[in-house]
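Once you scroll down, you'll see the structures, which are given as structure tokens.
Note that subunit A is present in both complexes that follow, paired respectively with subunit B and with subunit C.
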Partner chain A sequence: MSTTVLSVQNLKVHYPVRKGFLNFSERKFLKAVDGVTIELAKGETLGLVGESGCGKSSLGRAIIRLNKPTAGHVQINGVDFLALKGEKLRRARTDIQMIFQDPYGSLDPRMTVHEILSEPLQAHLKLSRKEMDLRIRQALARVSLRDRALKKYPHEFSGGQRQRIAIARALVLEPKILIADEPVSSLDVSVQAEILNLLKEIKDDLGLSMIFIAHNLSVVKYISDRIAVMYLGKIVEIGDRQSLYQSPQHPYTQALVSAVPIPDPKLERTRQRIAVTGELPSPMNPPKGCAFNTRCPLAVDRCREQAPALETFSDGRWVSCFEVEKKKAAN
Partner chain B sequence: MAPILDVRNLKAHFHTRRGVVRAVDGIGFSLEKGETLGIVGESGSGKSVTQLSILGLLPTPPLKIESGEALFGGMDLLKASPSQLRSVRGNKISMIFQEPMTSLNPYLKVGTQLVEPLVQHRNLTKKEAWAKAVVSLEKVGIADAKSAMNSYPHEFSGGMRQRVMIAMALTTDPELLIADEPTTALDVTVQAQILDLLKSLQKETGMAIILITHDLGVVAGMADRVLVMYAGKAFEYGTTEDIFYRSQHPYTSALLRSTPRLDTEVGSLPPIGGSPPDLMRLTGGCPFYERCSVRLDDCKEIFPEVKTFANTHRSYCHLKELPQ
Partner chain C sequence: MSNTLTTTMTGTDLSMDTNLKDETGGVSLWKDAFRRLLKNKMAVIGGTFLLLEILLAIATPWIAPYDFEAQNLELWVEAPSALHWFGTDTLGRDLFTRVLYGGRISLMVGILASLVSVAIGVTYGAISGYLGGRVDSLMMRIVDVLYALPFIFLVIILMVYFGRNIYLLFVALGMTQWLTMARIVRGQVISLKEKEFVQAATSMGVRKSTIIFKHLIPNCLGPVIVFMTLTVPTVILEEAFLSFLGLGVQAPMASWGTLISNGVEVMEIRSTVLLFPAMALGLTLFSLNFLGDGLRDALDPKGAKD
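The block that comes next holds the complex of A and B.
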């Protein structure tokens, strides 16, 4: 049995929103993440897919405590990460680092690469100058940038190179877990593969675990071992990458998989689409019962009343759907 | 059959204080009634500027049309007067853009915006135009079209806004629809809805579509012909099958190989090293030279002549044949 490095239990992120101007009485909540439970094994990459507004980024940020979780637990190597404070928190933070979507926005334009890479070290660890330089050079070499990049500023690099710098910044602290939030979606297609390969290679070489958040299922499938599909703040299905594509169970996963365009004209023209109507409901005002019931082709009355739980379906597969449960029981 | 739009050797350069940007540098394509042309390229490859310059939608200066012609119904759009262009735009040629929120006027009701092209180009009365606009909203699958006419753009979701944009583009029954990344801002399930809608509307009206996108999967499902652009140049042009199954250009085939696909298992994607060149620092050679894995000495200095494979397939590469 592999060891679990990260365990997230029933995590909720609810953002308070005030409706209307000067209306203090009515407090509403946007339930961005609404009870998510996932586990990440050592050396594993867990892909997190979903459409915009499904809460995948909020989840990633809440795990690393960039957002304050409303409820739930996050354990890193058995330690309750959400309860940590002060020096202990600072130390624990070196274990889990994040890479953001936009390498143009996430790097300070007024800092040199050297400053960008030394900042996390200064903030978290007390190292001598020599140790710091060594770590910085190691991280830079990891992402295949030359030492002379250290004196340059972010604008002197291309998008792909900037993302390498952002990866190096995450690596200087020698973390055990990486959370990558849409790390390639702002890059050109021809540059994406390079960054994906780099992330794969780094993860394997350093034995890291990774949560890879993206909306592009093809990209997620390429890099992940397991994939979790999110819809409106909840996980609707988890499974290993291949079986999730080959035999998606949840109606939303089925629709998602069939909607992803495949760059092969003959295949693309003969594929059967499982059409869903409409769009993601507002997370401010989620439908009663199963979150997907407003768009689901299989929805029955029960789905409009009760929310299904994430149940184990087969080997390592978890699905949250009454109809799938029923089908399984019938077999 | 005569093509609806025939573009030949279009060169459109931006003359800026820092130098000349060869945004579009020798592009040619044509398309027939009912046909879809996919234009594929990465950001900065000139795919949007090509269309905008044909329609005269870019300020001149800084843009200058250096050469070429764009024949549409016997008229050369590149030489047409502003008023001639106005009578074509939003009438016989319509355009939809990536961001439906920024291309709709947030201050005006959807109805007011939908009626405008009809009053402008069709000389309809407001009332007639209103009725026609309601019909076109229904056509794009907006259930309560009458109340939608009285709503503002912000009241719609992204997919619905794009439907409104499509309805607006189609009210005048255009012969050609130019769709610039129409689904890039949308989620995949909504993207599928919009693409299906475009396909069925095309079948119904017989309009031609130019679909600009960076997504090879979208092109594979939609296009009859494909033009691959890179750094302002046409690299390859052919039927969708030519491009996807018999690509003769190293960039196209490298791009196809480096794109992750949902249906196949690969251990590792072969990336294309480097990044697209600075358009300001282009030499006379092939702009892909630095990144090309099969480059020849000639490629550095000389941009290749066109090579024709079969009747439909053109590629711009010095290689005699691309090793498969």
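The block that comes next holds the complex of A and C.
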């Protein structure tokens, strides 16, 4: 569990926003991802949580180069992924695959399942028809769909089945890293569990590393080894799944964790919620100082002036909050 | 192999698999659209009429009762009779034969020129829309400039430069018709390339050309087919216009356009000389429009009621 397969350093994704007539006025930037550093070890699943618009999807898409990162580095197995161009980039894409949120949009409606699954193989490998068929059937079996699905079109399947097809497509090239962008949030709750179990099983079987993006904390807790919490384009807390849930440090994480319902009515009644008040500030116009200061119950004057850095709190745990630092210093 | 694997898995997903009616193969969106098209009466009538016309056009040399240039000046603009079903024209030629031969030319011009315009327009529009940015701007400005040129001017230059030739006419008409097609396809492609399946293909490392030809173009064929059914009548009319100017089909060969312009000359003496070719053209245009309407409804998944 020690070799790093993916390392993201100070990644920034800023979208230019046009304002005013003919671009005469100042150019503004929407800072979707603003300096994120994460490392992913072999076989590890990193959960990425945050509310809508916090930049978690932008981060995932920037890593896989669907969005153009503004600054920063992404290394896959030590290779600078962002420096690759043209044919080299195309080849390198086999190592990192993505599963999309919407299984209705991520499969071409005019292709049969066979065509969908053969596409990545055709793009990268020169296989005979037989070899190709074999690999497609293996991929399909891995997501437990039957062979006769091959001749069918995506619209003939349910949402869960479509997501299985999408997973099979992501696996057919045998990638090392999988980025799952809210793969279960558009599915039924009962189907969500199936897909989660499937992902977990496949990940363990193949020794994949995975970045799992979601806004549902229970889902992330179930599947992840480590969890990173994002707020307004920055990581505010990152740590081991168990300890992060048991003792969340950042006030935002505390609020998130306290918002998870407990599936036991007696305990649920005693659950104390830390309510986060106010709206999420616009990433176009983030607050000065700590991004969370407008909604933070602990905010003091310093938080409105300076932005805290992500500091080590304990073993493998990083928190970005002045109050937490103070507490740690007092101990 | 798959049986043992599937039995180890549980879940609602798999039980739903057995509920699917179709056991052998999939129902593609095209088949589905065709089924919907068959429910539209007017489109079916239009389509059948067109099919019949095309068959007649192909069979014309064998079924035409007379030679299309055989003149008989004693039979000057005769009324329809048992011998001459549509009557005769100003040179005593059998009008039925001439309408059949005219249909051959008109339909051929319509279909081939439309195909030329589709081939150019779809490729151009798809590349422009997919690449985006500066390339897109440049390619679309070229289209704007061509739009500004009067098409007749372009055709005349082509015809004068390369000589009058029926096949060149197809190309010339096609080359003036692809502009709108390119814009339609570009718009479609711009919206399609944001779709997740295109992004999925990009992130999988599929080549750009493969993405354009396997994902983008097949998914915008619906509007293309609909627009093509509307291009065919436009081209037929333009050919009639060019023939009228003496740039299109040369006598004694005829197209519906030249037959109509001949008919206009004797319209006060014998209206049938105008009426029959005009009816042939009119019915064809109607059929194409009904078929186009039907296709648009059938291919638009949002309009699908079943």
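Everything that follows uses one rule, which is that the second predicted complex is superposed on the first by the 325 of 331 C-alpha atoms of A that agree within 3 Å, B and C clash if a C-alpha of one lies under 4 Å from a C-alpha of the other, contacts with A are read in each partner's own complex, and residues count from 1 in each chain.
Heads up, the rule we're going with is that a contact is a pair of C-beta atoms (placed from the backbone, for glycine too) under 8 Å apart; a residue touches a chain by one contact, two chains touch by 3 or more.
Because the structure is predicted, anything quoted here is derived from the model rather than measured.
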Which partner chains sit in contact with A:91 here, subunit B, subunit C, both or neither? Use first/second/both/neither. second
Between subunit B (first) and subunit C (second), which does A:147 come into contact with in this model arrangement: first, second, both, or neither? second
In the overlay, answer first, second, both or neither for which of subunit B and subunit C A:190 touches. both
Contacts of A:52 with subunit B and subunit C, given as first, second, both or neither: first
Going by the contact rule set out at the top, does A:158 touch subunit B (first), subunit C (second), both, or neither? both
Return first, second, both or neither, reflecting whether A:200 touches subunit B, subunit C, both chains, or no partner chain. first
Check whether A:109 is in contact with subunit B, with subunit C, with both or with neither, and answer first, second, both or neither. second
If you stack the two complexes on chain A, which partner ends up touching A:123: first (subunit B), second (subunit C), both, or neither? second
Residue by residue on subunit A, keep only those touching subunit B in one complex and subunit C in the other, then list them. 158, 160-161, 190-191, 194
How about subunit A: which of its residues touch subunit C in the complex? 64-66, 89-94, 96-98, 100-102, 105-112, 119-120, 122-124, 137, 140-141, 144-149, 151-153, 155-156, 158, 160-161, 164, 166, 169, 173, 190-191, 194
For the subunit B and subunit A complex, residues of the former touching the latter: 42-43, 157-160, 187-193, 196, 214-221, 240-241, 244-245, 254-256, 258-263, 265-266, 268-273, 275-276, 291
Over in the complex, which subunit C residues touch subunit A? Could you list them? 1-2, 5-6, 8-9, 11-14, 16-17, 20, 22-30, 195-197, 199-207, 210, 214-215, 218-219
For the subunit A and subunit B complex, residues of the former touching the latter: 51-52, 158-161, 188-194, 196-197, 200, 215-219, 221-222, 242, 245, 255-269, 273, 275-277, 279-280
